[in-house]
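Next, two complexes with chain A in common: one pairs it with chain B, the other with chain C.
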Partner chain A sequence: MQSNPLLGRIAWNTLIALLYLFLLAPIIVVFIISFDTRQYLAFPPESFSFGSYVKVFQNVKFISAFWRSLVIGAIVGFVAVSAGMLLSLSLVRYQFRGKAAVGFLILAPFLVPHIVLAVGIMLVIAPLGLLDSYPGIVLAHLGITIPYTVRTITMSLMAVDTRVEEAALVHGASPRMVFWRITLPLVRPGLIAGGVIAFLISFDEATISLFIVSVKASTLPTEIYHYLEYSTDPQIAALSVILILISVAVVMMVEKLIGLRKAL
Partner chain B sequence: MADHHVVIDNLVKTYPGAQKPSVDHVSFSLPRGEMLALLGPSGCGKTTILRMIAGLIAPTSGAIRLEGRDVSSIAVYKRNLGMVFQAYALFPHMTVAQNVSFGLEMRKVSRAEREERVRKALDLVKLTGLGDRKVNQLSGGQQQRAAIARSLVIEPELLLLDEPLSNLDAKLRDEMRDEIRDIQARTGVTAIFVTHDQDEALSMADRLAVMSAGRLEQVGTPREIFDRPQTEFVASFIGAGTFFEGRVAEPGLAVVEGLKPLRFVGEAPVGSMVKLMIRPHRLVLAGSSGLPNSFTGTVEHIVYRGQMLTLNVRCGGRLLQADLPTHAGVLPEKGSEVTLAVAPQDVTLVGQVAP
Partner chain C sequence: MSAAALPAAGASSANASRGVLLMLLLPGLVALVITFLLPLIWLFRASFASSTMGAFSGGDWTVQSYSAVLFDPFYWRVAWNTLVLGFNVAIFAVILSYPIALFLVRTESRFRGVLTALAVAPLLTSSVVRTYGWMVILGDRGVINSTLQSLSLTGGVIRLTNNSFGATVALIEILMPYAILAMLSGFGRLNPQLEEAAAMLGANRVKVFTRIILPLSAPGVLTAALLVFVLAISSFVTPRLMGGGRVFVLGTEVFNEATVTLNWPLAAALSVMLLILFSSIILLYQRALRALET
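So, the complex of A and B:
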């Protein structure tokens, strides 16, 4: 049978295009709806305006929740990276009893549904009196983000040649100097990737946050959820577009900084 | 020995759970400015010794003395050593100059002095002007040079080199061999290098320490090691040779089964069984078969090597290897009968055979 290479290529490209369309369809629909002028969510829109975006920026609840989420995300990112670095060092560089168990426990949150984790974390945090507080939500988010930072940092750390660290030691660097001057700079891609992922997860996370926070420490996703309970207007679509743009901006920044492929 | 610059004294390393020690009571010493090769097959413990001297692993027992001071309990980074690693282990996130400067920074040398010393060190290893390069922009040979500069810039008490030439291709290896030798001679630094390559050891080192299975077999100058190997291992590991077992009939004369009595140099009690060795290039063509220390046999195999002709001669049931210079007149042919002779001082006693 004679195959037609041109026809094959067109078919292949069409398939790829359709796959991408399928993946991007929700975002495209949200993007279009965000410019609708009606007070309910429907597709396609009748007329277009930036009205919803203006409303989002005037919504005090959204704006204050946005700043709270930003701060929580930043703290979670920093702490998750620090803890992840220490855990990775112990897992990669040291032999100790129960190492496999520790490694498994760290990765366990990957395997447990978030709703189950949420109940568990709430039951731990409630007696400590940390419900609806910054430390509470930060602790909760650390539980689900540390597995990611451990993973990215462990990958980076395994790629570091220990002889390079030995060379620093022999030539006069104390173990502390070796850590700051050699090891840390060499795992930088893993630190940045882990930090960004932890930030994005914390910034996006809704399920667990809903169990932990209500008013004082409410995050943007929980505010969106509560808003959706009572109204469904294009404001939500506009907010979604803004959040997507923020995520894209962060990912692009990382890509430019270290190359995402290298980091992951 | 006691006033030697570097003294390794009864060093032992037994890894936890290991049946036998990896390094078994090894002692040797170096005067200031000497270059010593630790030579042996892989797994003989030579790298373990180097790493113990560096302080990267702790000895089970024994002492490492620098300038008479036992450093075996001093932390790695306080020993003031230079070390060139097998794969160079340059800091990949720094420039060449930053790599070289690192040891000086750790010693809190002022910026101006650092720059001056880095420049000199780069000049010494012929990397002048390449200080701003990234490490991955250097060729293998240049990385090697950068690693040497990084180790020498701190003016170390002792320079350690772990298989310094093994990562280079053949042409570069010869060049770096002379280069390292030259740099070591010019700086006068005491140096120990590890290698499994006998040519490297013979041509670079002032003295060799030959190791096997964790034990030190022999320490000596290249000549002593090659011409007067004291053990069968040293004799067979370095250079080719034909080995014989014989019974000592009278002092300096051994009876070897199937051959004429062999005269040799060396002390062995009459009646004992000894192991003797003859280097291929020590055998010469002899005119008559009546000479002492001569072997008459049939040429079984010939390999022409340009300057040398390697013969395998079947003689008294055993195979004798001989290297003859190709300018030696009429050369034997395969299948012909030849007589080879050897001087008694070229029959080396390499050991006694346990009865």
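So, the complex of A and C:
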């Protein structure tokens, strides 16, 4: 290795390229297979067409699940951002007893496996009759998304220069006005990043959703899961590509706003 | 709620700011209590209830769910399968992620941002979708089998799915972004100047790696291994789909008891056991980390 640095460099870069290939393999393969026309799963595709995409758009089950996921994700995003904004304000701007406990409670959902949380939430909302309902699934997704919104908003909030707010107060702005006209616009990147991450987690989440919903409030990932139990035809590939494109859009948005690495 | 701004403007009005603080905390805390704290308490309680279909009756306390698990050899095998899956996935995910993380930390390429995003972005695609990708790759008529057959390297189909091999491979890839992310934040102590100094003092590359890079990156590697392990032992979508119903791990059994057999106390008891396993691994990790750092 030491004798030939060039060769070592080539070997190293090849290794990295291969590892990236492994990491991205399922996404690449799904993309290729989505243009296949056959009814069953096989590789390589024998012809290229958009037939599978057409089928997805004609599949009432998938389309209605898609809209449900969109609505659920949007509500989860909005509520998680609102609650996260308030929690972040209290954590960044206030000193109070029990602050550490609050901070721990916010971070704790990161530490509990989703499947354990799923059983717990199922047990809590079942007696309330909320299984397989919109409020049920929104509640179920809030616990796992609020930690993310608190994280992104806290980061934005800590970067805000409090002197700007003080200056506005001194010049006669009411606290309400300062909040809406100064603080909120300044933390907007954190709000949007948190919102889209919360949306995407809800939109992609399968584990908890599978315990909570079955028919009426089924989300797209749960529909795909149940479909995959019986069939693996290219229709799912086309649907997957659509989902991946949505993720890519979100990833690019988060990266632009606050940087992907900080948000996750 | 609109008075939320009050950035401790005048510390004089302590009572008013206390009220504001309460209003700030309340919505989020209520949400977290309902969707996180209460479910865990409920879970614990339900695991001691007597089993009834799709519900648990309050009132009585019994350990019958736990004894049903502990005296059934099937669940011992399930626990063993889960641990084996977790260890295999953690070891390989860490080995495969390590070069990528090292590369991302040290590269001066102007594509660094893009490459980092590419490495962690799979986190944001649904695990169901990526599991499907692995079904396509490893399936009986998938990428690998059709390639091998067109090269006439094998006579028949090699079974790569519907067994624990498929589940392990898919989970390795699905959890790798977590490992990379953990390593990227854990590699802060790596310093190219140290490596240069060692090289100048005559250490060869192997020595630089084993004596400097490896020890300095050990905490990040340990965190990555822990993260992948705990995520692997609590997974169920990937083992269920890749295993085709033939892979039995704690996750798949919890799901089965909760949604098919509708024995909720048993599902709760299995979840509590998973949680105990989970916590003891994390405690072990903290000890190991402390040992590494002193």
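The rule is short, and it goes like this: the second predicted complex is superposed on the first by the 231 of 264 C-alpha atoms of A that agree within 3 Å, B and C clash if a C-alpha of one lies under 4 Å from a C-alpha of the other, contacts with A are read in each partner's own complex, and residues count from 1 in each chain.
We adopt the following convention: contacts are C-beta pairs under 8 Å (C-beta built on N, C-alpha and C of every residue); 3 or more make two chains touch, one makes a residue touch a chain.
Every value quoted in this text rests on a predicted model; they were computed, and no experiment measured them.
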Touched partner set for A:Met158, first chain B, second chain C, both or neither: neither
Touching partner for A:Val119 - first (chain B), second (chain C), both, neither: second
First (chain B), second (chain C), both or neither touched by A:Glu166: both
Which of chain B and chain C A:Leu128 touches, first, second, both or neither: neither
Chain B versus chain C as contact partner of A:Pro185, first or second or both or neither: first
Contacts of A:Val29 with chain B and chain C, given as first, second, both or neither: second
Residues of chain A touched, compared between chain B and chain C (which is higher): C
Touching partner for A:Ala83 - first (chain B), second (chain C), both, neither: second
Partner chain in contact with A:Leu142 - chain B first, chain C second, else both or neither: second
Footprint overlap on chain A, where chain B in one structure and chain C in the other make contact: 166, 169, 175, 177, 182
For the chain C and chain A complex, residues of the former touching the latter: 1-9, 17, 21, 23-25, 27-29, 31-32, 34-40, 42-43, 46, 54-56, 96, 99-100, 103, 113, 115-137, 139, 141-143, 146-147, 170, 173, 176-177, 181, 184, 204-206, 230-231, 233-237, 241, 251, 254-255, 258-259, 264, 267-268, 271-272, 274-275, 278, 282
For the chain B and chain A complex, residues of the former touching the latter: 54-56, 75-83, 85-87, 89-93, 102-103, 106-107, 150-151, 154, 160
Partner chain C, residues of chain A touching it in the complex: 1-2, 8, 12, 15-16, 19-20, 22-27, 29-30, 33, 40-44, 79, 82-84, 86-87, 89-90, 93-94, 96, 102, 105-106, 108-109, 111-124, 126-127, 139-140, 142-144, 146, 150, 162, 165-166, 169, 175-180, 182-183, 200, 203-207, 210-211, 221, 224-225, 228-229, 232, 236-237, 240, 243-244, 247-248, 250-251, 255, 260-261, 264
Residues of chain A that touch chain B when the two form their complex: 161, 163-164, 166-175, 177, 181-182, 185-186
